[in-house]
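Take a look at the following structure, please.
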């Protein structure tokens, strides 16, 4: 193992410019960049358990209702100010202020069960959260990557109470150096960073940085970014298309991959006159060879997974793979039983996300082979999303953002279709199981609940899960210490460049 | 002169209004909106509506339009929904990039193609002519993005001579900037030389048939003097119109090249904004593109009389 | 065959021009000599190769045309065929100047007059800028261009056809070339200006000992100014000799036909049968053209016709003569409704028709027709001759196809066109034939009134004569009235019953033909006639011509 | 032109080449499905990204679909779109161009104002908008490209109508007593035909290019139906692995355009009375 060395510039691709630095106006690229600058109290480890970040440790009361976090020793903002518990509370209050439209508010205001009743700061290094009831997801939501619930310096906000444009004073291992809009975001190493003791894993643990500068290059075009990587103009290319792995390897790049958390699924509109018939849905499940689709799409990196529990998750085991097996003959029989007479079924997809498009093409071929009259309808992504939100589709090739806990994933697909068109699975029984899974903190019990949920889903087929999009990153051979993890967001600490 | 320019600009106003209305209506017609896109599958119930309300998208389209027009008239093009940047500086920034490449390309293409076309026409059916005709027809037949990809593959990837992605403004580092614009400019030059050379050739052939060219020869002028002093202006006039057209249309179609070479230009801004349903940016840049189009046409009309005095501005 | 003597300047031998090295011959074994200070005319029918012969001297043949190997053109002892390009350029412009046939297209529209005049001087003569300018100004003055200073900075399109023709001539003569080739230098000019220009040319010849090769179809002019003549027909020189000899005692058949075709006053004078009721009445008509929009000033309107009163009676021919640009065409177009008068009334058969675009007025207008000044551009290039001639008949719903064809055949015969032309298109006809098609189209519906705008100006003598006779005979047969617009007094004399003279948009004199020709009252009419007499009359009167030559 | 140097006689080289290429394109468009060895949509995952082989003569794409079959089927798509777009743009453009050029006055002003707005409006947005409204379809592309090219036709037609309406034979028709409509139909329109035909051949090539550019940006012919443009754009990621996927459709476009441009030149020469 080579010894880490400091210095150099690391160039990482992002496919679109970041949106802002306040964490409220966000997308995946924004999350990635800002999490290098800012720190949440706790963060996910690579095995999806929650570990220390800004808080070096925490204590949960016996009733499971209070969480006391101790801030990392020596934690400081990029402007030199020490990070205090008051800063944590200030950030929390700001986030929970409805005027700021933080989209994670529902996770903490009781509307989904969990409610943070109080935040107190007994001393500068201790901050205490009091909940309405014990909750399995509190830490997970605090660590939620997309929520950007990190702690920023109050100096980021001007006298008018508004975030100063492009200001980014955090406590992370890198500070913002320059943001050239549309071109790149440059970060430089924060020399006074004091890492926690725990070894780095995921977003948690030590964030010791080695490179002097990191440049997140905005390269929207995939092919161009690959070319740039091969030509040595780029060091890290996150999210390499699985089909491009061979090519990258043949050009001497290091390709790293691991199971992912973004569930790729085929949505079925159970309110559709045709698809409301469970036999037809079952026929669909029998017609689709999810293992072949997964293999073709991910080049064998990921296996098919019909359940809402990812293989990367600690809850996963073989039971979650139980599903109507691939059997076109049976599919045909079921179709006949259901009285299907070749009515056209439209599969909505888009070309913005190649995975969604290719899955749709493969599915269409399989459905056609099984006697369905399936047609592709290629839409603009925004239009497809609109349809998703309104429930306006028969079949849609879709992919969910990463959810780091199975309950969260079930939470997304479960619901009352009458009030929430984004709900895919409208089942009272399942909803009860899901609610239980959140209130229970014991992992063993939760796992059992998930199994029950999955068994129900395999009967009902409200959605056709395909696989979890693996994280596959390609890095130049000069880059050392880089690793991938299920949450997929690249981390540039712990990375150095050889020679 | 002043009056002419003013009336021309005034006559462009209905065009601009029409464009702005069309853009506005069309953008609102297309399914999907910025709030949806921003939240995606992470949206919690009610959040999309709240965001739409905050963006003012829940108001009637007519009201939205009038508010927008009112603001534009006071010079306020609004802020980008995506990045929160002010729209006008954003557009000007990106336009500086696109126009550098487009103007450079059109300039070089004209400087090569016009003389080539004219020299070819001067000796019709000579070997030189055949070479020019064959080359320009060939260039005319290559899709620009394909050519761009091939050049990128050869010079960037295999030979490694030139950078492939990105852009450096000339104001920052001239030598670097020059390196970065070479490939996109060459691609555009190759693609646009075809039509310009053909036009120059055709109009020169037309002019060379005319009596005053013979008359210039009868005066004892050398062939090159006849060509540059007598044929050039007359043959260049129609070519200028084409160059103006190329210039105008390139500014809106350069997005393809910007995509290939990852150049943060106006075209990409527009297309990305369309995909992201960033209404203020789409509206602003469309209006800007239309304005530039009108301005280029005006410029051509102003130069034209210098070449052909029969046409008064 | 002439033989070269010592002071021969230009000696052309066996000049043959063919389309491509082995194609059809356009000029066939042409030989002639020209001495310094002398004038030689090439005359002949349209398309006989005059222009090409002249162009070949400066090696300026258009693309597929070439001179054959055994041709020889010697200029001051130097062979010009096959001469090196550099030596040729020294001769072009400096030693041999050429004035092209079409003044409208011989000047570069994008270069100022001053620059185009100076160019030759700068190239061939060692002169300072100021000198060049002085010379140019002096020359422009001599050719009677008003305000020569302004002229130098102007562009060709700002001048009338006649002015451009004079400017062309000036720019060539400015260099005082040893040999001047002038191809139809006066076609666009009225008789007055025509005389001035030719006089100037003669003067220069005297001053500098310049030899002139003049190409013209105008025998009157040739006889007046030129000593020796070569008559060409289908590429061959059919007759050569002194102008008096050739024109007064033509030997060759073709020459005889040419000379016979010269217009002469029809015997019997004005016909008296024309005292019918007025057909067209024009009173106080004013016509303005909207001027070009100016940058700072308001558009200047141009008054083309300024308060004209005119009556045309049934069955008569009223000739409208006058200088180029005096408003003749404009008036004719206004009568048939193509131009709207800005004042005054035009009535046809007692009904006011000006400014009336209703279907009713259209109906009525079918009774009057126009033969345009330029027949070629008035024929749709995509219609066959048969279609062109029958088209007006289609408006008559009573006529079926058969009757239309019968009517067409009749008219075609009347205008003397052969039936095998019917399937051809306008570009496949000669100028004279096209003119006749235009006339056929105009009379096929038997209109009561026809405006004939310069129906003969583009034609050579023989064809011209045929057309004039045709008009006369058709008129006798159908009794239609005709407004005959022309600058050619010879033609007018031949066909007109009455004559109106226009100057600057006004009618300055109107009366019976004989009255106007023999007893002109207005000074302008007199000047016009004098100029014409000088040229035409002297030729008619052989003694006068001889006297002129002897001078 | 080239043939003149190659030594005539007979047809010119460009005409021959143009006719052969266009003829092949038409044949492919009509008989493509019968010539193609496979269904262009049939997946064959084991052969994905494979190069030319006896099984797939021109190789297979990222889904193992037969490239030859897809090219043949793409010819049909491209040709049909180009053809329909040209017809659409020509008909609408000619109608408006003739109206504007012949009637002048306010009709002209209104038409030209709208026309300028169309010209100043990036075709890309038009395509996106229409596609969103009509749904991704060939008809959407035809309409979008047609509307994008119509203003050019309007301009060309208007210009030639304006020059022709000043000709004396048009005046002659009026003097004859013909109504404006007859004059327009009988004398003005037929004489605009030459520039319109030349424009049509040129436009055919432009439209194939534009369609491929649109497809390249993901706005063209909706997959999985193949068009040369969308084949090119979906093949882009495999440029190094399976270069044939990008070279072949590119070549098809270039050769077709070359043929059509040459045919256009030949038509131009043929219609030019001075040649």
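When the chains are written out, they are named A, B, C and D in that same order, and each has its own residue count from 1.
The criterion applied here is as follows: a contact is a pair of C-beta atoms (placed from the backbone, for glycine too) under 8 Å apart; a residue touches a chain by one contact, two chains touch by 3 or more.
None of the values given here were measured: they were computed from a predicted structure.
Novice: Quick check on this structure: which chain has its C-alpha centroid closest to the centroid of all protein C-alpha atoms?
Specialist: B
Novice: So what's the Cα centroid distance for subunit A and subunit C, whole Å?
Specialist: That gives a centre separation of 89 Å.
Novice: From the mean C-alpha coordinate of subunit C to that of subunit D, what's the distance rounded to whole Å?
Specialist: That pair's centroid distance is 48 Å.
Novice: Whole-Å distance, subunit A centre to subunit D centre, using C-alpha means?
Specialist: It comes to 45 Å between the two C-alpha centres.
Novice: If you average the CA atoms of subunit B and of subunit D, how far apart do the two points sit, in angstrom?
Specialist: So the centre of subunit B lies 21 Å away from the centre of subunit D.
Novice: Using the touch rule from the top of the page, what residues of subunit B touch 2 or more other chains?
Specialist: Expected reply: 30-31, 149, 153, 259.
Novice: Spell out, as numbers or ranges, the residues of subunit A touching 2 or more other chains.
Specialist: 223, 230, 352, 380, 383
Novice: Identify all positions of subunit D at which a residue touches two or more other chains, and write them in rising order.
Specialist: Expected reply: 128, 132, 236, 239.
Novice: Who touches whom among the chains?
Specialist: By the stated definition, chains touch in these pairs: A-B, A-D, B-C, B-D, C-D.
Novice: Quick one: which bits of subunit B touch subunit D in the complex? Just the residue numbers, please.
Specialist: By the definition above, subunit B touches subunit D via 12, 14-15, 18-19, 22-23, 26-27, 29-31, 125, 127, 129-130, 133-134, 137-138, 140-146, 149, 153, 209, 248, 252-253, 255-256, 259, 270-271, 274, 282, 286, 289-290, 293-294.
Novice: Which positions of subunit D touch subunit C when the two form their complex?
Specialist: Going through subunit D, the ones touching subunit C are 167-169, 171-179, 186-187, 190-191, 273.
Novice: Note which residues of subunit B are touching subunit C in the complex, please.
Specialist: Those in contact with subunit C are residues 1, 3-4, 210-212, 214-222, 229-230, 233-234, 237, 307-310, 312-313.
Novice: Spell out the residues on subunit D that touch subunit A in their complex, using ranges where they run on.
Specialist: Residues in contact with subunit A: 41-43, 45, 48-49, 62-63, 128, 131-132, 135-136, 218, 222-224, 236-241.
Novice: Any idea which subunit D residues touch subunit B in the complex?
Specialist: Residues 1-2, 4-5, 113-114, 116-117, 119-126, 128-129, 132-133, 205, 209, 212-213, 216-217, 232, 236, 239, 246, 250, 253-258, 261-262, 265, 274.
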